[in-house]
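Next come the structures, one after another.
What follows is a pair of complexes built around chain A, which joins chain B in one and chain C in the other.
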Partner chain A sequence: MKELLACWAAVIRVKLAEQMAYRSHFALSVLLLVIGDLVVPLVTLLVYRSGASFPGWSLHEALLVQAVFVLAKGIAFPFFFGMIGTTLSQVREGTFDLLLLRPRPAMLMAMLLGFDPEDFGRLLSGAVLFGFALSGVVVPHWTSWLQFALLFIASIAILCAMSLFLSGLLFRWVGSSRVFDIFDAMTGFGMYPGTIFSKTMQNILTYVLPIGLIAFVPASALLGRSGWGSLWALGSAALLMLVGIWYWNRMLKNYTSAGG
Partner chain B sequence: MKRQLAMIRAIGFVTYKEWAAFRSHMLASLLVGPVLFLVQVFIWQAMFEGKETINGLTFAQMLTYFGVSTLIHYISFDFADWNLQMLVRSGKFVTFALRPMPHWLFALAQKLGHRSLALGVEVLPVLLLFLFLFQVNLMPASPGWALLSIVLSFFMNFFINYCVGLTAFWLVRAEGVRRVFLLLKDVCAGVFLPLSFFPEVVQKLLFFLPFQFITYLPTRVYIGEYELAGIRLSLAEAVGLQALAVLITAGLTLALYHAALKRFTGVGV
Partner chain C sequence: MIEVKHLSKTYTTFERGHTLREVVKTLVHRPMKEIRAVDDISFTIEQGEMVAFLGPNGAGKSTTLKMLTGVLHPSAGEVTCLGLVPWKQRRQYVRRVGAVFGQKSQLIWDIPPSDAFYMNKAIYGVPDKEYNETLDELVELLQVGDIMRKPTRQLSLGERMKCEFIMAMLHRPELVFLDEPTIGLDMIAKESIRSFIRRMNERKITFILTTHDLEDVELLAERVMVINHGKIVVDDALSGLRSRLGAKKSVRLTTEQPVPDELPPGLRLLQRSGPLELELEIDTDVLPLKPFISHFNESYGILDMAIEALPIEAVMKQLYTTDHAKEHA
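After this line comes the complex of A and B, so read on.
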């Protein structure tokens, strides 16, 4: 564990130093992420302003779902999602071999190399949005906060599992940057209150592709709309993580190259 | 002129063949497009509950708006900005500076080839999915004006993106600028929401910016009525305005291109 933390600390130091070489680019990239993450909430705000609304959801409640989603991305993206880019470029170039030769598990190395400090910008936009959304709802009880904290861990685990699936896919679907579009499309469902979807779709988004667990379930817990029963999501997230790890390692076996 | 057309055709054909080797890249749109559209269907179904119209659009018109804007996005999709910035940053642009053809024309020819492939691989299948799976009304109100407007949108998107790519001649690392600009472009073009949802003051500003001509205007022309910031135009007026905007943007792009070339220095490759 100590070694793992030392690895992360070293990577964070190097990546930050790297970003400081292009400071304006770093600042713009962070700004982009902040603006980018606020686009969907802006759309929601404009639609509510026009008099329409999600039935049973006030503006602040709907924004809370989106804020939780952005916050979860703010943690999952810098630490896990960079591995998708690493796999994409290194498998295409044939330099993934270098990761296999290092004295640490290849999955960990892919995550470490993919660490991206820019993505912490999402935490900023998520926090601002979260604060704004909370200002318009009844102050949650401490039990709701506890449920939310546990479910938030589950949502990060689900995002981590998704990064493993997408990264693993790139060992076969070499060099396709469309995996990011696929992620954006699939998680589009997770940015909105789950009740707007049909029953069948709600079941799919909860039990088959647990995208609803990323933001809708934790936000509902914080709003006091779901009981302790929703904590089953923790088990579901853990299972998905295990399947993700298994899938990634299995797909790694498909990697072939002719040396660097 | 005839020689240049032959060159454009040859470059377009080579690009077509090159990208045909990576068909699965484009085929991903068959999943991405309909899934994103499905999200919109659920959102607006919920929003329209108990309402006939929102901001003057019916539920059917709203779905048509998002369906058409998705298809226009596929038709006019462009990455000239990324390509040009990569060439400048890597120094490979020097090979283009020596060719008997301006790079902007080369990039346009590449786009023609790339998007020709997309017509069969992306646009047509997604169109059929929208028609038969989602049963969206995709019948243009006036096919002639709609087609002309989409063609103009194709050029508008190219010129704007090329201008963004040209920033690489002035900035050391222009990727951040490019990404910020492209996001704002999509917001201001009406990709995420019809521009009529924006506050009146913002609508007035958006009317004078070139971005509405990429998505919002062609989509509204396709539907058969155009209105922004309280300004209502006939289809002919709207497309005429779009053509004028494309001409002005093309002129600005050429001026910027010549200014950029004066800044360029390259040392062998």
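After this line comes the complex of A and C, so read on.
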């Protein structure tokens, strides 16, 4: 474990050094990510200012769902989602060979080498939005905070599982950069309170594609809208994570390298 | 150290033509084709050997190497390297193995090599003391002390390749795979890399080399395996490889009189570099050197002459074409 942490720290150090080679690019990327992540909340703000609303949700409550979503991405993207880009380029070029020549689990190496400090910009925008949203709601009880903390871990696990599924696909769909569009299309619904959708859609977003578990369920827990029963999401996230790991390792066997 | 038994690798790929019609057709149906890249090969390699894998493009060299490194799973057969099965015990195995790819860099483009070395140290879990000792020694041997802190993108190809070697040797591997390690390098850089490989090999580190640069083979390898169409067609010492093609030698001549294109049996014109300068291939089994020299001196007047072993390029060319001809017979 100590070796793994040292390995992780060294990779993060090197990745930061890599970013610092082009500081203006780094600063601009972070800024653009912050702006990009704040577009939907700004639209929400405009909707509420115009007198419309998501039924049953105040502006700050709706923004809290979006803040949780951006926060979850702010953690999942730098640590896990880089592996999609790593797989995309390295499998196509055949340089994934080099990753397999490292004495560490291939999945861990793909995650480590995909670590992207730029994505911490999302954490920044998420934190700002989270603070703003919380300023307009009743201060949550500590039990709500505890439920939220547990469900937020589940949310990160679900995003991690998604990155494993998308990255795994790329061993077969070599070079298909559309996997990012698949993610955006799937998770777009997660930015809104689940109750604004029809019952069928809510069930799909909770039990089939667990998009609702990324932000809606944790935010509802923080707002005291759901009880301890919502913690079933922990089991669901753990299961999804296990399936993601199994799937990724299975897809890795499809790796054929490139001509030498 | 390495034992390979009946190793095979088959993979499927799709093929299509280049016309618009064929391109559109592949949107609906892609005809698959099975390729047998490696076909039932067996061999053993002892510790400290320096073996070259040769063969034309697409012969199966790289696929064999990738199976030996544990990157690819074979379709059939057994491999034991350093007492381990590479693709099954990959993590244990690669800890003891190094690799340098002339066309795939392990360095990080925008930052100095020293940062990439540091990352490898952590990934391999090399203790600080061992890392510092090894790094100092490798830097000294390859004379790259002054470039370690320059961004990789600012280094010359030769400097980068030296750093690739450091990257591959930092964890003190017992077995090193080299895939075209001198590709694109100038003579000075090539010599420096070759001398480094020889020094490391003296320490009983096993090297497996694939290359198209036959000078690398002549100057480094003790043993040559020629792979063609997925099969090992030759597994021999370099001298043995030469003798397989008969007692042939290359003769460079400068004569007083022009030599005609029609030559006696045992002689073949390789090239003519001037009206009175030419290079011949002589099969001394058919025409021994003594009668050849006296005949040429009497008929055309020898002004200058150099007799050399047939260049390895000629040996390989003959080997590839013979094998190709057999395949199509």
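Definition applied: the second predicted complex is superposed on the first by the 257 of 260 C-alpha atoms of A that agree within 3 Å, B and C clash if a C-alpha of one lies under 4 Å from a C-alpha of the other, contacts with A are read in each partner's own complex, and residues count from 1 in each chain.
The definition used in the following text is that a contact is a pair of C-beta atoms (placed from the backbone, for glycine too) under 8 Å apart; a residue touches a chain by one contact, two chains touch by 3 or more.
Every value quoted in this text rests on a predicted model; they were computed, and no experiment measured them.
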Self-check item: Joint occupancy of chain A by chain B and chain C, clash or fit
Solution: fit
Quiz item: Touch check for A:31: first (chain B), second (chain C), both, or neither?
Solution: first
Quiz item: In the superposed arrangement, which partner chain does A:9 touch: chain B (first), chain C (second), both, or neither?
Solution: second
Practice problem: Could you tell me if A:22 is touching chain B, chain C, both of them or neither one (first, second, both, neither)? | Solution: both
Quiz item: In the superposed arrangement, does A:94 touch chain B (first), chain C (second), both or neither?
Solution: second
Exercise. Could you figure out whether chain B or chain C reaches more residues of chain A?
Key: B
Practice problem: Check whether A:103 is in contact with chain B, with chain C, with both or with neither, and answer first, second, both or neither. | Solution: second
Quiz item: Just how close are chain B and chain C at their nearest CA atoms in the overlay, in Å?
Solution: 6
Quiz item: Looking at chain A, which of its residues have contacts with both chain B and chain C?
Solution: 22
Quiz item: Of all residues in chain A, which touch chain C in the complex?
Solution: 3, 6-7, 9-11, 13-14, 17-18, 21-22, 94-95, 97-98, 100-105, 109, 253, 255-257, 259-260
Quiz item: Residues of chain A touching chain B in their complex?
Solution: 22, 24-29, 31-32, 35-36, 39-40, 42-43, 46-47, 49-55, 173, 176-178, 181-182, 184-186, 188-189, 192, 196-198, 201
Self-check item: For the chain B and chain A complex, residues of the former touching the latter
Solution: 24-25, 28-29, 31-32, 35-36, 39, 42-43, 45-49, 51, 54-55, 172-173, 175-177, 179-180, 183-184, 187, 192-193, 197-199
Practice problem: State the interface residues of chain C toward chain A in the complex, per the touch definition above. | Solution: 11, 58, 61-63, 65-66, 69-73, 90-92, 94-95, 97, 99, 101, 104, 106, 108, 110-111, 115-116, 118-119, 121-125, 151, 179, 210
